[in-house]
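Each structure below is given as structure tokens.
Here chain A shows up in two complexes: once beside chain B, once beside chain C.
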Partner chain A sequence: MRPALLVALAVLACALPWVAGEAVVNWGLLVLLQVVVAQSWNLLAGYGGQVNLGHAAFFGIGALVTRSLWMGGVPVAAALAAGAVAAAVAGLGIGLPSLRLRGPYFAIGTLAMSEILRIVVATTLPEVSALPADLIAGYRLLPRYYLVLALAAVSTGTVWLVARSRFGMGLVAIREDEWVAETVGVDSYRHKLAALLVSAALAGGAGGAFGYYHLSFYPQFAFSPVWTFDAVLMVFLGGIGTVWGPPIGAAFFVLLREALALRLTELHVLVFGAVFVVVVLALPGGLVDLLGVLRRVRGSRPQPA
Partner chain B sequence: MVRTAVLLGLAVVAFASGSGAAPAGVVRLGAVIPLTGRFASGGAQVRAGYEMAVEDLNARGGVRVGGQQLRLELVVVDDESDPTKTVSRMEALAQQDVAVYLGGFGSDLHAAAAAVAEKNRTPYCGVAFALWGIHQRGYKYLFSPFPKSPEMAIETYRMLNGYLLQDQRPRRVAIFAERTDWGREISNLWSVRSTEFGYQVVFRGEYTVGTRDLSDLILRAKAAGAELVLGVPTPPDGITLVRQMKELDFNPKALLLIRAPDAPAWSQSLGRDGDYTLLMPGWHPGVKFPGAADLNRKHQERFGRPADVLVGPAYACVQVAADAVQRAGSLDRERIREAMASTSLRSTVVGPVRFRPDGTSPVTTVVVQWQAGRQELVWPREFATRPLAYPAAPWRNR
Partner chain C sequence: MLLQVRGLCKRFGGVQAVRDLDLDVGEREIFGLLGPNGSGKTTVFNLVAGVLPADAGEIRFRGVLLNALPPHRRAALGVARTFQLVRSLARMTVTDNVAVGRLYGTSPARSVDGARREAAQLLDLVGLADKAGLPAGSLNLAERRRLEVARALATRPRLLLLDEPFAGLNADEVEAEVRLFHRLREEGLTLILVEHNVPAVRALCDRVAFLNSGEKIAEGRPDDVLSHPRVVEVYLGRPGG
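Take a look at the complex of A and B:
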């Protein structure tokens, strides 16, 4: 991506709360939150080829830990860090056994883990977690927006760095062929485990930000498989295994969904699904391919004399 | 490339930012309702109530604000039964100058929505949730002309005592408590209130939503000699419960389930086994409050049946909102909130409405019973379409 465009985007993102209304800032926050979730999933699946179907578990753990600590009086930065660490520890718990195996075991294991956690949380914490009136009186969207913006920058920066590092090349080698990667000296188990830890910590951070942002939700909601599958959709929509695919996918996904919901009262889910199918069929490499396709179309036209 | 991206971005922002401020001469009511997802069927009833009320009020000239007749305008947005989408879409409505928020369906969506209303300092009128706990958080902008758990618990026993003589009453009570905040709240209230009405809780067990096997609870209630069974199951859990009660031949004299028997699916899936079940849906088209008959007629014309149980309360919400705007004499949300807090309406389709400081309202709590595949109003007695059928017939004789 061109530096000029990057700077323009960064300025736009930082200036948004000063030029736009609360609803637009809220959309911005949702987009950036999904950028973190999608980017963290992309790191492991897009580069390492490890399909995590239980990403919601890390998001949920981050949300639960951060929100309980923060509402209990711990400063939000410490609570957020605790949430990310807790999610990484959970990543270690599932990764240590399942990443040693090849085949679908990691996908099955993560899916099972997140569903077990969701049911346990629903059973043990059945009460809605709503902010009391005094906390709502002091609620400001601005710090939450900048927090999520920082997380989105960190996650995208992490993926950018990984994509350019020896570690990232090792991951890509594993994705392409794990046996071959091992024979050329890549320790596939350690690579996968390290990528999972970073991915889980980022997802936990996103969950923590969600717990800090959201006024009221049932604890089990943060463990809903929606968080996994929305991330998967956004990554494929934008372009899997790329740095800029997930942010583009997240922006397209959230903004289109909200815009349609406000305009088409009942049909919005249907229209959204149809647009989605068209995009995936037309751009199998994701939306990041759009500019390349446009350039090719333009290039194939007869040039004016 | 930069130019293309900027243009694309601007187009998306322009498309996303919505239609903006309300035009002059209009009072905008914003409703975020679950029209798709798990709460879709309840959300559809709520929406129908809002729409019919807005039509009726506009046909009568709308509302009078500061010497000017203003038309009501309803903006309905779907939240897909997802509280995060409830929040973002409530924020989007705030940008469109809504004077009053109208609520959706289900306590988790209401809890999220009421918090947004509180933050945006916009009055919020919601029905279709009985969770009293939301009202105990100190919110000042939340109003709900809908029966809550405390009234439901009291009316359960009051209805039974109103119909039955001392020696007929089902004194031994079993409570099947759903492991949710509402399930716990109302189970506690049923326990606390039982003694003062002469009842005794002989068994109380908790189960998780979506449980396939309730036989342990049923057998323990049966062993304890329970004559009255109380619970707030979801529709699938309620159907499971009745089927397993029949299999295990547990035949209490009365069964009161809140929520599960509300929908017509109850008698469709259970047939005669669904009869005798008592329910507290919050309203019934048989109530004889002013406007209810008209509402039933219009609903009959449009949907081929009298008003559904949530249509009435939703209709009343719009009546409350319109009255508050009119008395506030302005579109200032703070003044509308004050006016709504001092509501004293004698005639809405749910009866008289005024609000307590916590935003709840002492509205009439109805008890309905499935009789011969129909929902009959049995309580309050002056509105009853049929008397209480009691005790429940043995399963084999239905």
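Take a look at the complex of A and C:
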């Protein structure tokens, strides 16, 4: 991404609350929240090659821990950090047994664990958590927007750093061929676990921001697989295993969903399914690769005589 | 002795694949493991490489017991290997395939850029410099074999295990590989190869061991072993009459 474009986007993102109304800022916050979830999933799947279908568990744990602590009087920064750490600890609990599993078994195992967690939460906790009056009175959108913006920057920055680091090279080698990676000295179990912990912490941070953002909050919803699968869709749409794919995919996804849901209500899910199939088949590199694909197609067309 | 194997045993269910095997390979030797299919030579290879755990026996590399160590720890000690069916990191560039080796292994490079620079030198050595920026998946078989060698060398090993390095190569390519391996030995490397290609083995190996049904039945210089009566019998069958 060209530096000038990056700076322009950063300025726009920071200035958004001053140039647009509350509805747009809310929309922007939701896009940025999805960026964090998407980037965290992208780290483990796109770079590490491990498909975690239980990603929502980290989001949910972050949401639950952060909101509970914050409602109990803990300052939100500390509550958010605690949420991220709790999610990372959960990552350890999930990762230690399941990372020994190859391929599809890891995906199935993580999905199962996440669903178990969701059902436990749904049956043990009250269905909705509403804020007490003093927290409602003190509610401001702006700090929440900047919090999520900061998380989006941190998560994208993390992926960018990993991508150009020794650790990232080791991860990608594991993704391409785990045996080969082991052969050249990469401790694949440790690498995958580290990627899982960072992925979990970032998703937990996103969940914490979500818990902090919503006035009324349904704990069960934070564990819903929709958080995982929306992230998967966004990452593939934008470009899996790239730094800028997830943000582009997130913006595209949220935009398209807002545009379609109003007109098609439930049918918009069908459109998304179709878009997903088309992207995976025709544009496997995602939207970030669109320019490259167009260039290649143009280059291969016969020139007029 | 760089590699010492004593009493190595491995069974798979009802089959004793390797039976009480002893091997000694000295520094800068080029050592061959020969035998018909099912003789256990590939199993021995995999036991030394760390792919399979031994049932009994010891594998010592520079005096260090390798038995419980996973492949990535053996790589850190200086044992590198190539694969019989060539494996590349297909979507990474040729340079990065080698650079990964430079970042892990016995004496890792200090930075990713440094690793890529050193990878470029290794690509020169194996004659792949002109393919540096291409995805590894776009190379042909002979090129991918050389890439595997460069990747193995990137870890700065003392011992290089080669699993049928000449399979699928034509005569010219075999000759080029033999020259490359001789050069690697001159630079201080020790090589152990599993191979069927007899002319290549004669041209390359200082010593060979011939295995049959998990046991070593002959050991020594290639010409001596290949003319050993039991070896001839196993490879070609009993003489008629």
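Here is the rule we go by: the second predicted complex is superposed on the first by the 267 of 305 C-alpha atoms of A that agree within 3 Å, B and C clash if a C-alpha of one lies under 4 Å from a C-alpha of the other, contacts with A are read in each partner's own complex, and residues count from 1 in each chain.
The criterion applied here is as follows: a residue touches a chain if its C-beta (ideal position, glycine included) is under 8 Å from a C-beta of that chain, and two chains touch if they have at least 3 such contacts.
Because the structure is predicted, anything quoted here is derived from the model rather than measured.
**Q** Which partner, once the models are overlaid, touches more of chain A's residues, chain C or chain B?
**A** Per-residue touch count on chain A favours B.
**Q** Report for A:Leu131: first if it touches chain B alone, second if chain C alone, otherwise both or neither.
**A** A:Leu131: touches chain B, not chain C.
**Q** Should A:Val172 be classified as contacting the first partner (chain B), the second (chain C), both, or neither?
**A** The second partner, chain C, only.
**Q** When the two structures are overlaid on chain A, which partner does A:Phe221 contact: first (chain B), second (chain C), both, or neither?
**A** After superposing on A, A:Phe221 lies in contact with chain B but is clear of chain C.
**Q** Contacts for A:Val180 in the overlay, against chain B (first) and chain C (second): which applies, first, second, both or neither?
**A** The answer is second: A:Val180 touches chain C but not chain B.
**Q** Give me the intersection of chain A's contacts with chain B and its contacts with chain C, in residue numbers.
**A** Touching chain B in the first complex and chain C in the second, no residue of chain A appears in both lists.
**Q** Residues of chain A touching chain B in their complex?
**A** Touching chain B from chain A are residues 2, 4-5, 8, 12, 21-24, 26-27, 30, 119, 122-123, 126-128, 130-134, 136, 139, 214-218, 221, 226, 251, 255-256, 258-259, 261-262, 265-266, 268-269, 291, 294.
**Q** Mind pulling up the chain C residues that touch chain A in the complex?
**A** Chain C reaches chain A through residues 49, 70-72, 75-76, 80-81, 83, 87-92, 96, 99-101, 103-106, 108, 111-112, 115, 151-152, 154-155.
**Q** Under the definition above, what is the set of chain A residues touching chain C in their complex?
**A** 164-166, 169-170, 172-173, 176-177, 179-188
**Q** So in the complex, which bits of chain B are touching chain A?
**A** Its residues touching chain A are 1-2, 4-6, 9, 12-13, 15-18, 35-36, 76-80, 82-85, 87-89, 91-92, 94-95, 107-108, 111-112, 114-116, 118-120, 133-134, 137-140, 179-181, 183-184, 208-209.
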